[in-house]
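Once you've had a glance at the structure underneath, I'll fire off some questions.
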Amino acid sequence: MTGGASAAAATDADDAAAETVTASVVGASGFAGGELLRLLAGHPHFDIQQATSRQNAGKSVGSTHPPLRGTELRYTEPTDLESVDVLFAATPHGVSMGRIDEFFEVADTVVDLSADFRLDTAAQYDAWYDGHDAPAYLAKAEYALPELNRANLPGADLIASGGCNATATILGLYPLFEHGIFGGETGATDGGVADEVGGDERIVVDVKVGSSEGGAGGGAASSHAERSGVVRPYAPTGHRHEAEIEQFLGTPVAFTCHAVDMVRGASATSHVFPDGPVSKGDLWSAYRESYEDEPFVRLAAGGSGVYRYPEPKAVAGTNVAEVGFELDPSNERVVVFSAIDNVMKGSAGQAVHAANIALGFAETAGLDFAGLHPVGSP
Amino acid sequence: MTGGASAAAATDADDAAAETVTASVVGASGFAGGELLRLLAGHPHFDIQQATSRQNAGKSVGSTHPPLRGTELRYTEPTDLESVDVLFAATPHGVSMGRIDEFFEVADTVVDLSADFRLDTAAQYDAWYDGHDAPAYLAKAEYALPELNRANLPGADLIASGGCNATATILGLYPLFEHGIFGGETGATDGGVADEVGGDERIVVDVKVGSSEGGAGGGAASSHAERSGVVRPYAPTGHRHEAEIEQFLGTPVAFTCHAVDMVRGASATSHVFPDGPVSKGDLWSAYRESYEDEPFVRLAAGGSGVYRYPEPKAVAGTNVAEVGFELDPSNERVVVFSAIDNVMKGSAGQAVHAANIALGFAETAGLDFAGLHPVGSP
Amino acid sequence: MTGGASAAAATDADDAAAETVTASVVGASGFAGGELLRLLAGHPHFDIQQATSRQNAGKSVGSTHPPLRGTELRYTEPTDLESVDVLFAATPHGVSMGRIDEFFEVADTVVDLSADFRLDTAAQYDAWYDGHDAPAYLAKAEYALPELNRANLPGADLIASGGCNATATILGLYPLFEHGIFGGETGATDGGVADEVGGDERIVVDVKVGSSEGGAGGGAASSHAERSGVVRPYAPTGHRHEAEIEQFLGTPVAFTCHAVDMVRGASATSHVFPDGPVSKGDLWSAYRESYEDEPFVRLAAGGSGVYRYPEPKAVAGTNVAEVGFELDPSNERVVVFSAIDNVMKGSAGQAVHAANIALGFAETAGLDFAGLHPVGSP
Amino acid sequence: MTGGASAAAATDADDAAAETVTASVVGASGFAGGELLRLLAGHPHFDIQQATSRQNAGKSVGSTHPPLRGTELRYTEPTDLESVDVLFAATPHGVSMGRIDEFFEVADTVVDLSADFRLDTAAQYDAWYDGHDAPAYLAKAEYALPELNRANLPGADLIASGGCNATATILGLYPLFEHGIFGGETGATDGGVADEVGGDERIVVDVKVGSSEGGAGGGAASSHAERSGVVRPYAPTGHRHEAEIEQFLGTPVAFTCHAVDMVRGASATSHVFPDGPVSKGDLWSAYRESYEDEPFVRLAAGGSGVYRYPEPKAVAGTNVAEVGFELDPSNERVVVFSAIDNVMKGSAGQAVHAANIALGFAETAGLDFAGLHPVGSP
Amino acid sequence: MTTCPECGADVTLHDDLEAGEIVDCTTCGVELEVIETAPPVLDRAPELEEDWGE
Amino acid sequence: MTTCPECGADVTLHDDLEAGEIVDCTTCGVELEVIETAPPVLDRAPELEEDWGE
């Protein structure tokens, strides 16, 4: 990793160091939920209380997640929640918003991994999703993409963990906005950046994702025979993460998503045309300033050897985002690459990172796995 | 396929139907060269005379290419060429330009699969490659992307088969230019389109390719352990196929290439911002008019089921290009998808297609394999 | 291929050459059924009449099988069968046995790809499957593994196409039995071999298969995320193809099956301990004698280069079985390898091959695709 | 994992807990060497002093191994070794035997990952390899497969870490020997088992391995295009690990190895025919007794869900061996499955495990990663 | 022969068409519902989207 | 604490066990049906096989 825990992370860590809190996971049989269980099981400050699954109630968590084999924990029904300090919800969007009052009856802190509490207004939900059941919670929820809005998280009650493709995209583009390379004057929103960017400036974001983004559910298009070896446009336009990105960066993006043959991983390539001339030195300064103290961001922008730019398999299993860029002088373009593991930095890892900050633990607690080399399709 | 041989294809086919010509392949142990052997072996009008390889001279062609096992043909040295009607060269760029006089001593028609004769001027070579050894041949050479410049090919002596990524990109974008949806007034170049497009209009082309594009050579970055499961930016900017695309479409493109986990396949996603409003109906009209008589172009733009847009595995092993599009009303963007098998439509298949036209054979002769379903990483 | 059409194949081919027969496919939306459609569409002597699917009735066959896009043929209900010369059934086991009378009402010849008519007696069905609905047909049915019992097929009414894993296994072992290297005296059964082999002689068969063996249905274990990168024992013991192998070779085998990461392909490694000493020369003689005239068997047993022994990707998309062996002097073992494409030689290709023989067409008609190189996970 | 640190592991752990020793890795740019660096970097009791590579001397270790990016450690020449407590050698076989005196000049303890010191006698080396340069060390070396010979390791000077395929095979078969289900009377050799097993009893071992077993070197057969999607017999007979297995279990095995499409992983399927009748209960008792206190062995033998038997992707990245079995009553066979990550339990993890025991650290120190779910080709 | 409302291509239909039946256009692949049968009138069929990590 | 009928390992069970409930053994993974609850009696649960090209 780039350099050890960030300054921000260290603040309250000592006070909380000895503390252990209880946590439950709703939707624990899914991909994001299983990863939460794995992270919490190896975390110094969490004790897992319950893991829910309707389809697997009564079975051990190892029956669905091999890394947890041998653990005595068994799935319970999501309606049988016991009191707990922190409740993680890793259910499909729409579920948490319908049960959020219940969740707060059993828990002090709720960390939701779905899209339910990520947007600011009910109007945005109507535009991108299907309407919101609990709009009153939208203002209370803190969006969690700690590199950008760490300051909002300590003590937060309701945390909306950032979406996978949005996280990859925003982390790649943010330094360009923060340092005025794109987007002119920035007006912070939600800890984020500009909302008055010139509307005619276009950013094209071309994303490639692995099959775990689809969740454990399966279906014809995600069978091995049909999904192997693909480069398949699955969200050519209108991907819902555009809403999150626009809310955060203050500018719309032209977003297209492709399924490729890997299991874990999301890789965003953003094509940006800055207004004025920019040098590689300017870019390096911007990215280094934005991220040099970040424990979970690693820069890769050229260099030598096999791994020169960000790529998902270099971060598989980790909470690290690789971010990098290249300058194309011939068409005055900055190409930004960012790569994450969607199940970690794109969901469960980011949620634990946010919880660490909210509860005053060391930011990197439970998140120190550095990845594997070599590794296949991660 | 979309509908049987095109009208254009049928013209001289009958006259040539009974004819058989001899052909040799220089660089036959490579991936493109092996595919040429396979296609010529199954072709009604070609008899293979020689196949060259320096490293495998004396061995049978089946020793490197399993589909040719049992064939008696053995590799010869590329310096021992015998007289032949057609010589196919599938060598790395730089080889053909150095031996082109020799090639024409033994053959009437030369079909080159490398980049050596694709560009119009020596100056372009200096800009994108390393200078040209035989600039006098540049004007004589016909670029071969039959869907766009079929008329130039009958009787051609020197054919420069279009590059894989360029072919995918150009086939996707061409209907937009031909029908004035992008690029305004078009002035045909080399059978192609506009060269006075407004320079501030930007097309972003994001390409994903399989490992066979790298050729049979191998190397550390292309070992299975390092290359499996990647989404790896390998030509973030400055890819040489930009030259071909610009020459043909008359406009520069912002081009970025990624290696992904497949063996065969090139998939180009082009993000285009047309000047004026455009409807899906306009797009369908344009694409259907451009391609409805083409034997090797198949449209896929939405629809239902698992395979909705172009994807490489749907065309693996075939000479078909799948082309499609989607309209993004929110950012006034047309997203164009095109997918080919780089070893077929991107090299050997396109070369045989061009030779068929040049020699007056049926366009689809030897190229009728329709592909497999299911198929893995093609 | 090893040498062109076999002598046996040529017999009646000329008489039948001009003939065209009609054919329908029940279960055409599945993997084997789709392959049948593809083969019949490219076959000189078949006209496709109907393709059935309950789930896709009304849709075009290209909606599920990309190689068939553009074809006007639409799925019909399996209950709406019209009269036809040949009916191919590619339904799950149990379906054909329940509808066999109906099938013969509409067709003269029925080629069944399921296990329903492969075994000789109802008792065998009870032992390995769930009982038989139409035991009277068992004696009429001809098992089709043409390399072994070609002579039984001309004029056959009901053909039971051999199972994929059984085909791979039997083709690998057959020369050892035929030439007395294993199994002593052979007593032909059903055109096959020994049924009095010493019971204490053990053959271990370790099979690796691709995901298409599971059919188009899908399910949790076959989702891309769960099935990628596996070496998963899925039939550790008691695989039903043991019944077919034993019936044909006259000896039981110790059979174990693993799922591996490919889509098409079945590869059988058989470990055989012959009674007496055997040399590599003996083995080569046996295998060459058994297969030298076979159009669809290719020997690979050592040699040089990358492809030395049989492997599925070398035969992907073809009707070829690669067969080979190695001798292990230290433990007096013969290791036999055989590799097929389960969707071709293991089902649809074998069925068409059998139909070609039954109807007097050239054996290789419609089955001449030679495969691709390079190719990924086939 | 099965249940926390074993009793044996805990013995001296406390004494050593505070201690930190220095370690260097020779051959650190390779796959096993890189994994050693990763494990030592995360280990509570090791400080990495040097990492050698001739080809990468001067470059940072992160330049070849992405998980180590950001680390300041740079490669040095293998001839510039400094004094250190423990030297790990992860070089191709033949290298350590030639430099072993030098190694002991700079280090107290040498842990060698190659085959150089695994066999007992120089005669065995002559038979299986190319002769031994330092036969005097053979008697001093302790073979390390801690589950079987843990007692030999405390205080060992020269440790020969067990081979990957041998480890998988031996761990699978050992309980059958230990509990007399196969092999009759056992006479321990080197902490191992029987050497007077009846020679006519045959065990067939069919192994499937990933591409990382071939090391970082690459070559034509291991390029992505040629190696993807394979089931390729690469050591049909005569694999050198037979020597290790025979030495340890006291019986020869009929061993065949296949390359399959994964990066990490070795999976051994052993087909065993016990002399007398055996029940599933007998097998469960044997395996549970052998392994219930082992921190790195997990039993999987049937059960439910997707992961029923051992498979490599369930242990990818971990030091865990999954072991399981099935009983085939019809042919009186026990099928044993075992799966490991060849880069972990098969090399670097096993080496660190052995070093932990040799030096008195907790057995599981630095080896607690539990794996990922889902994960692709590991 | 009817025209596809999505792409404008001709759609070949079988004789015993029933209202409510779903067919697809062999050019653009879109699913079409048979609204009327004589003469045939087709309209885009409603469809379910998959949710990929959104 | 009950013994698994498949592998003989101890199976830890929760308090509010109901007859008919399916649990699994954390050692061998086999699915077990709760036949009786006080004291708990477990038996192998019936299961469906997948049909892989057989």
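Going in written order, the chains are labelled A, B, C, D, E and F, and every chain counts its residues from 1.
Criterion: a residue touches a chain if its C-beta (ideal position, glycine included) is under 8 Å from a C-beta of that chain, and two chains touch if they have at least 3 such contacts.
Here is each chain with its UniProt name: A, B, C, D = N-acetyl-gamma-glutamyl-phosphate reductase; E, F = Lysine biosynthesis protein LysW.
Since the structure is predicted, the reported quantities are computational estimates derived from the model, not experimental observations.
Shared contact partners of chain A and chain E comprise B, C.
Averaging C-alpha coordinates per chain and comparing to chain A, the farthest chain turns out to be C.
The interface with the greater number of C-beta contacts, when A-F is set against B-D, is B-D.
Centroids of chain D and chain E (each the mean of its C-alpha atoms) stand 59 Å apart.
In this assembly, the C-alpha centroid of chain B lies 36 Å from the C-alpha centroid of chain C.
Taking each chain's centre as the average of its CA atoms, chain C and chain D sit 39 Å apart.
The set of chain D residues touching two or more other chains comprises 31, 210-212, 216, 220, 225, 228-229, 261-263, 300, 303-308, 374-378. Multi-chain contact residues of chain F (touching two or more other chains) are listed as 24, 27, 29, 31. On chain D, the positions that touch chain C within their shared complex are 202, 204, 206, 208, 220-221, 225-226, 228-233, 236-238, 242, 252-254, 256, 258, 260-263, 265, 267, 269, 271, 273, 306-313, 326-328, 330-331, 333, 335, 337, 339, 374-378. Contacts from chain A toward chain F in the complex involve residues 58-60, 62-63, 69-72, 74. Interface residues of chain F, counted against chain A in their complex, comprise 12, 14, 21-24, 26-27, 29, 31.
Across the complex, chain B is touched by residues 31, 210-212, 214, 216, 218-220, 222-225, 227-229, 261, 263, 376-377 of chain D.
By the touch rule above, chain D contacts chain A in their complex via residues 1-3, 31, 34-35, 38, 41-42, 59, 63-70, 210-212, 216, 262-264, 298, 300, 303-307, 314-318, 343, 368-378.
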